[in-house]
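These are the structures in question, set out in turn.
Below are two complexes that have subunit A in common, paired first with subunit B and then with subunit C.
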Partner chain A sequence: MKSYARELAVAAVLGLLLVVLAVWAPAFFEPAPLRSLLAREAPTLVVACGMALVILTRQIDISVGSQFSACSVAAGLLAAAGWPMGLVLPAAVALGAVLGAVNGALVAGLGLPSIVVTLATMVTLRQGLNLARQGEFVNLPDGVQWLGLGQSAGQGMLLLVAGAVFVTLALALRHLAAGRHVYAVGSDAEAARLAGLRPRRVTLAAFMLLGACAGLAAVMNVVQSPQVQPLAGSGLELKVIAAVVVGGVAISGGRGRLGGVFLGLLLLAFISPALTHLHIEAYWEKAIQGAIILLAVLADAGRKEDSP
Partner chain B sequence: MTRGAELIRAGWRRHEVRLLAVLVAEWLVFYYCGTSVNRHGVVVGFGTLERQGDILRHSCEIGLLALVLTPVILTAGIDLSVGSLLGLCAVVFGQLWHDAGLSVGAAAALTLVAGALAGGLNAGLIAGLRLPPLIVTLGTYSLFRGLAEALTRGAVTYTDFPAGFLALGQDRALGLPVQAWAFLAVAAAVWVLVHRTMTGRAFRVIGFSPEGARYAGLPVRRTLALAYVLAGVVAALAALIYTARIGQAKADAGTGYELSAIAAVVLGGTSIFGGRGSVTGTLLGVAAIAVLQNGLATIPVVIRLNAAGEIAGLLTGALLLGALSAEAAAKVLSQLRRRRQSAPGPNPVAP
Partner chain C sequence: MSPVPLLAFEAIEKSFGAVRALRGVSFELRAGEVHALLGENGAGKSTLIKVATGAHAPDAGTLVVAGERLARLDPAAAKAHGIACIYQQPALFPDLTVAENLALRLEPAGGWRRVRWGERRRRAEALLRQAGAHVPPDREVRELSMPEQQLVEMAGALGAGARIVLMDEPTASLTQPEQERLFAAVRALKASGVGIIYISHRLDEIFALADRVTVLRDGATVGSRTAAELDEPDLIRLMVGREVDRLYPPPAAPAGEVVLDVRGLGCAAAGVHDVSFTVHAGEVFALAGLVGAGRTELARVLFGLTPADAGEVRLQGERVALGSPRAAMAAGLAYVPEDRRRHGVVPELPVAQNLTLAAHRAIFPGGWLRAGPEQRCAAELIARLDIRPAEPAAPVTSLSGGNQQKVALGRWLATNPRVLILDEPTQGVDVGAKGEIHRRIRELAAGGLAVILISSDLPEVLGMGDRIGVMRGGTLREILTGGTPAPAVMAAALGRAGKGAA
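For the complex of A and B:
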């Protein structure tokens, strides 16, 4: 019998937050601002799904923020050079996949620790980007923002894309053989190898998929504004890892579901606007996020003793 | 082979020796490329004593964090929260002195206590409840920085500290920057702790095998807790030095320092999986990064590009990746060679 305790707990806290908002700050639920908030978080959900995959294989990638920035700037430059968005999107996704493959090759091929490898690629990529662009913004041509659809239709489309990625990956993790391989490798790579799987390939694929997600998310972020900020992705890695951990994915690999990640991300994303609507100083946001992460790992400690 | 060549070969296999060679090479390159004589016939740039003192001054805070992260990483742990804790302690110090009206000495002492308490929170969760260090300190990374921002409402900056306190960060004593003496004292203490005591041995044993350490009768929890509390106290000390050097305390102090410090430790040859590493390596790692960052700022081409920070970051990342890959590739190659040697011949003759 599978336990959905974590999903239920996060959902309960999220529900409580929404009830509090409904009573004291009903303005939070006005459709237009709420849709904007969700559209801003849609790229984060895409990256969080990829990150969940990597953490499920017992690795971690702290370079996603830099990958996201590099893909954003590349997508912006290509769009500014007159490429149609139909070509910009696959180019950004491919760039992300290549960057992910570099991490994956170093981790899976050479057996290096993922936290150090991705720390190094994070710094290298970020500083390389700074050096190449000197922090310059990329101005996008007309018709890129919201793909010319107008704001509300554009936001709706972003939510659809994020939803599609989430549902596809969640179903694949649960029902496809490849999805089960991710859990097998994360639980015990040696056992997975003896069972005839190829743990290195699975790890490499997870890193590449995360990179591709970062590329897709970068384009989803680029189309929301008239300019590309090179610093857009800094700090993204921690936000995403926090959502994954709060959602109940074990950092020791092999355990967790994407549904929890979705709820965890919503909870973390609603804190800052909720604080604003409830007239609490927004400076508490980071402290509250930190406290939520600590509570989530504390809950993990309890869970570990329950299950054999 | 002569005895001398043998010694050199044996030395070359040591990570610290190779790192020292990199450091010397870096220093020589910057000495020849970064030193010049200006219009008034005065030597300026990298080769001046002034500049060397600056390098020491600017590397003290990250150096202190790297020193105390060494025991933590030896136990196969990690502490991502030290940079945030530096910011929180700087703000706490500023508030105690400015708002609570305490004397500088009392405020500094209480700040060290605050650092110990914050380290104690990490220690309680990691050593007491056996939660994964990566996630616990990711949580406190966010928590400590968030508290610093909340305490200052993201805007308050404390300045106008008394000259006696600022001297800690800006003056010289016996030819060295004042904070360098604090750094050297901590370095000596951590070296003795790691390399000359039972506790230091216990750090490594825990890093190799926590279960084994427990069965060997080592106090695993107490040893782990010590590593994290020590990191908290020294992060507070680094906060005081940072505040004295910059002359102001604000919430964003030390942002990103944890990553530089971890990079220095890993570059210094300490295994992120725990169990292996040395304080000497960490000191060399800190020096290699500090010389790189400061030296680049003296090279004319880099000055013209106005990109010293970016190039230094880029090279630090590349150095780290290169060091890791070289070691891993050597291991893979030697495995392949061994396999090839043992493969041919139906049954190797036993000696």
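For the complex of A and C:
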């Protein structure tokens, strides 16, 4: 049952990539640029953990990019209005949770298909932001960037936060009854209901957690630059879903672990800088990422045939 | 001299795993007759139909179609021989029109063929008229009522030049006038020389429509008679026939106090109404009835899956509201559903996690999963129910059907319920495992549990039930004592004036 084949496979590919970089482009491992790279990906990891929860319950949320954008703009405006970061952060997380709850209520409460619901909320949120901001950036006051800690300490802080979210959720999935309910609901919601679980509540909670993760990630992104772009989260959903799938979470729910998601995200995130360092044209990035996703899905299909 | 039969089965056998569904069935269908096929649930009627339509290949025996001997049929060959089947739930495409549905069956395949809409429509109209259906060919099938859809099926069968029409409980969901229209269409078909095999549980229909009757029991033919020489008691006797073998474990102690008291329970959405009964501690209360009588629906109402909208339920004298499975569980009910393979166990979780799933609160106070208590609980249940392999970490889907059923059962034992509802616990389970499950059920009852046993297997109902509740038409019609002879139970299930009803 406990097979770590996927984690090992992704780790092997990642290791190979790192070895290639170590031999041909040791500059990749210089601490400052590497830390910057990881800090840029830290918000993505947070969102990917939330997305993994939603996909484990056999749902999907393609509106996370829009949620991320909305929370970014909200955080930026609040910060610009003079709110301290200690209040901006919970406000953004709460906004994200509310946006996630809207998706969750429509999916779990009304039984609507999540891909359609979140497609609708994605477009609505994005166009709402366009309308409200007209593409205008939010200029942040001094002291917001890097939380006033300076770049390297700020980046370290972000990595710490992302790591904490990752570890907390991974442990919860594994060691909390609620975590097992996520797997049971994703595997067979009706069977879970017959066992006295509450699949709708579990689904709603997963969407809310993902929204909260998007809110936290938005703040983690906002503090990395002096301005907030109104569509900062465009395309985030694809990146995150790709990491989750490559990490071995079954798109049909009920199977997968966060460790794999972490490795999958690193692998996909390293490809672009690796190409730069290896002096390969950047156009290859998407093609290689696509190939990796395709391989992961093929591996899943093979695994499905094996099981009885 | 009788003419060459349209269709003859000769010593057909068919097994599914260890279950012998058909063990030597022989009968013949003549041109221009309605031949009724009768038998209890699970007697093998549906399997026989599937052999005739080519859906199942028989393991042994021969089919003779219009004098031609065949070892087996496939669906295309069955169609070519003029065999058509009309199911209780018509297999039409709801989003296509009637004419399109008929065309899909009747026009030659070929994606690049030009569609002649006018011709298609005219042909559909002619066939519908022939089948006695007053349905415009341009209507979408989803807008049609169930009997209209059946008539469309029949039109399709006519258009395909069917000589042999199989009808599997066609009137199960029809009202009286709808039935009359269907009967008229059947008679018209018969007059045109088509042979019809007609399956139904409604005895009055059989006498109204059938020329001959063949009764199946336990996968074998009991006999074929002309309908005119039979009356209802004869039929019931033929269907039930055997003595109940006393391989069932005897009831232990006399039943204790009343645990479950159901009064006037109803749920419009589930089609259950006005159900009243009690179950005592230590008692097995068997629920008998034909398919569609409302037994599973009643269980689902009790377990809060489709909450009741009328009546009340008392558990040990205390009134409880069963609005959700969770509430039912908290009240001490447990429900092992019928469709084990689909919802009895959670396929992605290993055996141990499946066993503890319903008892998280008791085993993991505070919501922290702990390996120790989980393993202990699983090991105890595995030993108690003799689940094999005794491997808590095994994927539950790797177990045999009988063992998966034990896992589904074990999950509920972990919750220490007071009332255990078992829905068809031995369906699809081989004979050995069946006896074992019966023994476990008896042991559980002996331990003070009130057990409600839903079963379509009449011997099981008679052998296990301390009392037998008979359902029909969504309500509990009669409660019979344990020793009731099988014909009386069957008569009650069929809605005939039973002899010896308690």
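Just so it is clear, the second predicted complex is superposed on the first by the 307 of 308 C-alpha atoms of A that agree within 3 Å, B and C clash if a C-alpha of one lies under 4 Å from a C-alpha of the other, contacts with A are read in each partner's own complex, and residues count from 1 in each chain.
Going forward, contacts are C-beta pairs under 8 Å (C-beta built on N, C-alpha and C of every residue); 3 or more make two chains touch, one makes a residue touch a chain.
Not measured: the values here are computed from a predicted model.
S.K.: Looking at the overlay, does A:S187 come into contact with subunit B only (first), subunit C only (second), both, or neither?
M.R.: Only subunit C is touched by A:S187; subunit B is not.
S.K.: Residues of subunit A touched by subunit B versus by subunit C: which partner has the larger set?
M.R.: Touching more of subunit A: B.
S.K.: Considering only touches as defined above, state whether A:L197 meets subunit B (first), subunit C (second), both or neither.
M.R.: second
S.K.: I'd like to know which partner A:D142 touches here: subunit B for first, subunit C for second, both or neither.
M.R.: neither
S.K.: If we overlay the two complexes on their shared chain A, which of subunit B and subunit C does A:E30 touch? Say first, second, both or neither.
M.R.: neither
S.K.: Could you tell me if A:D300 is touching subunit B, subunit C, both of them or neither one (first, second, both, neither)?
M.R.: Only subunit B is touched by A:D300; subunit C is not.
S.K.: For A:R126, is the partner it touches subunit B (first), subunit C (second), both, or none of the two (neither)?
M.R.: After superposition on chain A, A:R126 lies in contact with subunit B alone.
S.K.: Considering each complex separately, which residues of subunit A are in contact with subunit B in the first and with subunit C in the second?
M.R.: In the superposed arrangement, which is not itself an observed complex, subunit A uses no residue for both subunit B and subunit C.
S.K.: How about subunit B: which of its residues touch subunit A in the complex?
M.R.: 78, 125, 129-132, 134-136, 138-147, 149-150, 152-154, 259, 262-263, 266, 272-273, 307, 309-314, 316-318, 320-321, 324-325, 328-329, 332
S.K.: Which of the residues in subunit A end up touching subunit B in this complex?
M.R.: 60, 106, 110-113, 115-117, 119-128, 130-131, 134, 238, 241-242, 245, 251-252, 281, 283-291, 293-294, 297-298, 300-301
S.K.: For subunit A, which residues count as touching subunit C in their complex?
M.R.: Residues 1-2, 174-181, 183-184, 186-188, 190-198, 254-255, 307-308.
S.K.: Touching residues of subunit C toward subunit A in the complex: what are they?
M.R.: 303, 305, 324-326, 328-329, 335, 337, 342-350, 353, 357-358, 360, 364, 367-369, 393-395, 397-398, 411, 415
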